[in-house]
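Handing you this structure, nothing more for now.
In this document, chain identifiers A, B, C, D, E, F, G, H, I and J correspond to the written order of the chains, with residue numbering beginning at 1 in each.
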Amino acid sequence: MLFHVAITVRIPHDVTPERIKQLSSREHERAAELQRQGNWLHLWRVVGKFANISIFEVETPAELHEILESLPLHPYMEVEVTALCRHPGSLAEVD
Amino acid sequence: MLFHVAITVRIPHDVTPERIKQLSSREHERAAELQRQGNWLHLWRVVGKFANISIFEVETPAELHEILESLPLHPYMEVEVTALCRHPGSLAEVD
Amino acid sequence: MLFHVAITVRIPHDVTPERIKQLSSREHERAAELQRQGNWLHLWRVVGKFANISIFEVETPAELHEILESLPLHPYMEVEVTALCRHPGSLAEVD
Amino acid sequence: MLFHVAITVRIPHDVTPERIKQLSSREHERAAELQRQGNWLHLWRVVGKFANISIFEVETPAELHEILESLPLHPYMEVEVTALCRHPGSLAEVD
Amino acid sequence: MLFHVAITVRIPHDVTPERIKQLSSREHERAAELQRQGNWLHLWRVVGKFANISIFEVETPAELHEILESLPLHPYMEVEVTALCRHPGSLAEVD
Amino acid sequence: MLFHVAITVRIPHDVTPERIKQLSSREHERAAELQRQGNWLHLWRVVGKFANISIFEVETPAELHEILESLPLHPYMEVEVTALCRHPGSLAEVD
Amino acid sequence: MLFHVAITVRIPHDVTPERIKQLSSREHERAAELQRQGNWLHLWRVVGKFANISIFEVETPAELHEILESLPLHPYMEVEVTALCRHPGSLAEVD
Amino acid sequence: MLFHVAITVRIPHDVTPERIKQLSSREHERAAELQRQGNWLHLWRVVGKFANISIFEVETPAELHEILESLPLHPYMEVEVTALCRHPGSLAEVD
Amino acid sequence: MLFHVAITVRIPHDVTPERIKQLSSREHERAAELQRQGNWLHLWRVVGKFANISIFEVETPAELHEILESLPLHPYMEVEVTALCRHPGSLAEVD
Amino acid sequence: MLFHVAITVRIPHDVTPERIKQLSSREHERAAELQRQGNWLHLWRVVGKFANISIFEVETPAELHEILESLPLHPYMEVEVTALCRHPGSLAEVD
């Protein structure tokens, strides 16, 4: 099943640049892993913001929760999850 | 370029069911056409709402505006457009 | 899987009382059916409002969408869907 | 009587991981106790967030307030309480 | 138990003045009845608005819901209910 | 004249528990004094929150401002003041 | 005592221009009367909107409510009242 | 002086297409006139909406109000005005 | 020209009382100066808040910006500026 | 293509004045460079706020994102991007 996930990252200004760099690097590794597994279908940057919009494909809502909690930047993320389903007007064979 | 478009449809309750049916049918035709042209990349229904989330690929913002204005249900749509760009963590070859 | 669904009903004031009565009666029948099927696990009235809070159990998000669209009062409903999952602190054997 | 309680936990980022672990562990113990007593009827995690949705059964609003204040993570919680009552369409023998 | 109830009345402009007068008159009668019964403890007008703030005393949340639904202007009311309890700093013998 | 005052207390998490205890104790003393003087007519706790709803009776708006500024927890309070007047449907001899 | 009053006028589009003209003319007469009486101290138009910001001087909040209710356009007004008091930094002999 | 003006047009759905066409045509004429006079410096369409963002240059706030009120679609416009001034970092000789 | 300025002061709780006292004292001096110059026409305290509502008279929007930036408490202020103009119903000879 | 960018700067109060001065100076240099390159078409200060409204011209949304991320004050900016297109009523030869 598909979920639309809007993530805004808000890192407190007294976290050191080293720490941010380290977390971002681990975040990219984890994101790559989830994309290769087929869970993280789409990942786009929102222009002008430290924010992204993603589409996740998971077996259950619980799996999505585990995935989001496993992200290294998760403690600094504001996450909005929206459940999606097939649109009657969509021509896509798979969503 | 890619745009995230969130559309909520609010049809006033005194529009006749025939009119809604007619507009919805024309909306599906136009949506199919735009998907086949490659402009309407993704189209998902938001669960529980008369709303959808879409990704459009267009040459210019003006093209997106023309496309959205050409939708038969457009007079009843609330539209939120968000400009997207490639995310540094995305593995996709094309977005 | 479980979804939290908050529904507010807003009936335009020029809908006739007969029509409201008819729709409400059909709404109760459909709600009873969905409760007996095990899809509508919990249904509570919000005190002071024409609104309710419900827990639905469905196989897929798409099933939830179909159920909500099948409600006779659906055209007058504002619906907010929230995906739930098991809480690590919950003692419930089933949620 | 029943209350719907939506809780979002916001732990300031300079609270140490040890302190969070300690509070979370005590929170789970207290939650278990309240579930066994029959006050905390339902407890679900909101997908993607450090937030939960619960149904409490109490004798009085004051009892609910005491219960919520007794939670170890309470100082970091944003709490929204909604009074519920039986829905005329509900088939449940007990809510 | 006590509930704080904030009511805003929004009468659509095409309701006739006769109808409004009739409903307002019946509203005052019902309000008087509920005050004499001891359910409607306090009733104040919000300055500048067609709105009031009230304190209700009821046996159960369900009783409050029935009372609010029994108000003749109820179809045009926006109602916000807040559960109250005794404040530790209050000197009142009864609230 | 009467004012409805909604107060939410937000104490920053790095204020020490001793300081909070001290301020709360002084707050209760001052609240008792103002209740005995007849300025603080009603004081209720909002269930689940560090918040209260109060009715103040004062000679002038300026007197209300002085009273609110004199509260020991005032630096941590979010205060919303609403001017009240007699409701035409109220049976109360005094409000 | 002084109150800041922000008024936005929203006239439904099916009120006839004659009716609006008539109400506006009566509104100006009433506003002039209240200014001459010394109740309506200041009256400014908000640029670009059918809205104004005013300062009223009245004996009691109830007097302000009566004044606002007496305005011919009152049924179409959204009114926000804010209680004011003397600012310690103000040099004005009278406010 | 410069003002940023954000305009959203909301035409009620029972205004006839002929009327909308007529008003839009007159709106374009008036907009052209104001651009030629040098009052309407910039005019952009917001993608996906019946909305625009403009920069006006006027002698006084009152002149801006008169200009906005003179627009044929003004009765259906939501207008937000923001006062601008020269930015210390701007290289423009004229703004 | 006239501007309505709504200012809320939010001083972080770890600024020392001495610093606040010093800034407030300098704020009052600067406010007095601006009132004597005729720029700060009206200054009122909002009851219950560390906030004020003011009317400024300036030659240009830029002059208003400079004035607001010159206030000693400016770094802690949230400022909302609204452009005003003469109301057709105002009897004031000068606004 | 054109984008409307609204930027609010919020510098935490414990950043030193030296640091702010340094960042602001580098911000002005970068802004000058982007204006000379023709990317930053318009830049206005919002009166009364540490905020600006700008129009950017870029080849792609990604270019806009890179530009905004390159601003020295970017970590303290709240950025809202709105895609613009030519307005049918605009007389401008170039926007």
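Structure notes:
The definition used in the following text is that a contact is a pair of C-beta atoms (placed from the backbone, for glycine too) under 8 Å apart; a residue touches a chain by one contact, two chains touch by 3 or more.
No experiment lies behind these values; they were computed from the predicted model shown.
Here the chain-to-chain distance from chain A to chain C, counted in touching steps, is 1.
Among the remaining chains, those touching chain A and also chain H are B, J. Interface matching across F-G, I-J or E-G places the copy of A-C, with more than half of contact pairs shared by residue number, at F-G. Across the two candidate interfaces, F-G and C-D, the one carrying more C-beta contacts is C-D. In the CA-based superposition of chain E onto chain G, the rotation angle is 70 degrees, rounded to steps of 5.
Chain G has its Cα centroid 44 Å from the Cα centroid of chain C. Our note on geometry: chain G versus chain J, Cα centroid distance of 39 Å, whole angstroms. With centres set at the average Cα position, the gap from chain A to chain J is 27 Å. Multi-chain contact residues of chain F (touching two or more other chains) are listed as 2-3, 14, 45, 47-48, 61-62, 64-65, 81-86.
Interfaces, counted as pairs of touching chains, are A-B, A-C, A-D, A-J, B-C, B-H, B-J, C-D, C-E, D-E, D-F, E-F, E-G, F-G, F-I, G-H, G-I, H-I, H-J, I-J. Residues 13-14, 45, 47-49 of chain B are the ones touching chain C in the complex.
Contact residues of chain G toward chain I in the complex are 2, 4, 27-28, 31-32, 35-36, 42-48, 52-53, 55, 82-92, 95. Note for the complex: chain I touches chain H at residues 1-3, 60-62, 64-65, 81-86.
Chain D meets chain F in the complex at residues 3, 5, 12, 14-15, 61-62, 64-65, 68, 75-76, 79-81.
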